[in-house]
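When the chains are written out, they are named A, B, C and D in that same order, and each has its own residue count from 1.
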């Protein structure tokens, strides 16, 4: 089974503009030395430049459930595709969406041939999200995000419970572990618990040496 | 007094990706033949490519009142600046903001040396917005947006009333006329009513020949 | 199997203040002549007075996912319970909630011994909502709400598809048919399609004679 | 000049259902012993019962900018009036509104003969809010809310700056001091700084003896 490491740039200073570009190049370099699929999620304004210059997949951090038309200031899924994105996170805990809009975004991304990663916060929500048929769900208990305390150690039962729930409701959906991931051990544990990889942000982006962290993250998988 | 024509790309199909790029080049060409300042507001994902390739100012359609940090899926003002934007629309009728967030966005844009254009819907709201000290307010009665019925003809008293209100509260704020603008006559009228230009979208973007429309818009000012 | 007719007062003039009170008394009268459970959902401000004066269950139209504390202007589930509500609609198409908030509201209502009715707009969303374990889901394709065109006739496949989906994901969840219901025939059809009743608003509230409409609605079930 | 003490019940346990009722009776008692106008803002579900049983004005904590119609789960200004409210807070920091909606709420409340109190967070926002012509603005720096540190001591320049701004933009608007108010001294200071009273919540509601606190609050004015 293929393994995934998804890097969420958020609006970190270390991942804005030129710095996002440099970080994406590092991810691209590491991806060439591993079988793990590394995916980067830059800010909207950085997608075009990054997608033109790396071979790894680039995902947006969010899309709005809108079509071509009068939607000033919204993030049109077609626009992130045109800029080079192959998919998008949706419903991150910092950008929660209404249920009907999550469904609409998944369908829209599907119709554009794009990958959807729905972030969730507990087993019930993971179950509901997987019923909508996205490509991935990523479980991130909000209280652990950015703490460096890996959910895979602090609350492994949320991960295994989510994997079980998804297998019952929609076994085609791939499950990712999020929140508090910083080391290769965390990734290994996440995979042992039955998920196919991790979604992380500060663990890589705020690191003194992002390349070393990335190499460590993928070394055992 | 300098005159302005601001083109809002919204999420129109004709102003997404390559088409946004072509449209921006047309605006750039026309700007070279006139004293009017033409400004284009592309989607977030198109800002970088356009800003690198045109001489006219590029504004975002929206920014979020956030700082560097954990704000997945939000539009960081610093990110649109890094991509080449010189300013941003805020509070468009299709992307209304909370009052405190408008204030925060104006202050943030100011601190970054960027221009703020606050969209408003009636005289009272224009008065309130101008009290916040943005560079521009753009009055767009929502019921006229996209109709081709120019506010400057349908409801000139909204424009003159807004100009009066702004002059009392904060005369440094420049006023733009929006909603229903499609011809050079509409622009002329808008300027006669005391505003310094127009904000428009479909009138140019949905036109068969955007260049002709743009040339007509700026011909008499 | 018990049958249900839920009346949503929305913010209709005919169901505000004294008029809501009168309407609730009519529902109460009709409920005494039938085995069908009739439930009324008044505006927040009308719950207390109605609940003190009728025997039928009173549900809120919405609750916020908040606890006791600093939540000015929010609808605390404990407050609607204290006023006499036995349950609440949530996620109505006119008051959509974020996925994580729907889950939190269902859990909160459950912990208070209250009934949850989650409104949904299509089969996928119904499936997701039922995975969260509410007492009811009510399917209301938004394009039919208020039209008088019953979903049970216009799009029966949405109802049967939703019933099938719920049965697979969580057979304990009861399914209601919403949108466009105005007659006893519509209710009969809704029940034939496998749901246990209807959610309606204008069909009763805007009727010249709400009592006659109510009597007709329940006559064949 | 008349003085005001407005008590915001928020969703505090001590101000829900029967407890809100008891608190309102206490406010009513104290009001009879002072010239200060005491106003209580209960939760929506408590308005009816309280308004029927006290002589002091009852305000809502929030209203939505909607009219009679299809607005499930929203707070219709007409419904809070029908329940006995004489006014409403709007734009509290825990329930911020969009600028255009604040304006619409003020106009709607005015048309219903109701009082509007717009909460604001800094001098600029106060200036903008007062340009909309509400009856009151209440300045509450969010970082001081619930702290017991009175804004009138911690940041008196925000209060005096706001009073100056309001006097320039719209001298008919009355100004209230909010955030951190707990004692009669705080109220005295608030009035010395040029405001006509205070908006407070936990200082009274979380007090062991709310009546004593209320008596202390009004004793010197």
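Here is the rule we use: a contact is a pair of C-beta atoms (placed from the backbone, for glycine too) under 8 Å apart; a residue touches a chain by one contact, two chains touch by 3 or more.
On a predicted model such as this, the values are computed, not experimentally measured, just so you know.
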| item | value |
| --- | --- |
| Subunit B-subunit D separation of Cα centroids, rounded to whole Å | 36 |
| Distance between chain centroids, defined by C-alpha means - subunit C, subunit D (Å) | 34 |
| Overlap residues in subunit C, where contacts from two or more other chains coincide | 93 |
| Overall pattern in which the protein chains touch one another (line/ring/star/complete/other) | ring |
| Touching pairs - complete list by chain label | A-B, A-C, B-D, C-D |
| Footprint of subunit A on subunit B - complex, ascending | 8, 10-13, 16-18, 43-49, 60-62, 66-76, 78-80, 82-83, 89, 92-95, 145-146, 201-202 |
| Residues of subunit D touching subunit B in the complex | 91, 93, 96-103, 107, 120-122, 124-125, 127-133, 169 |
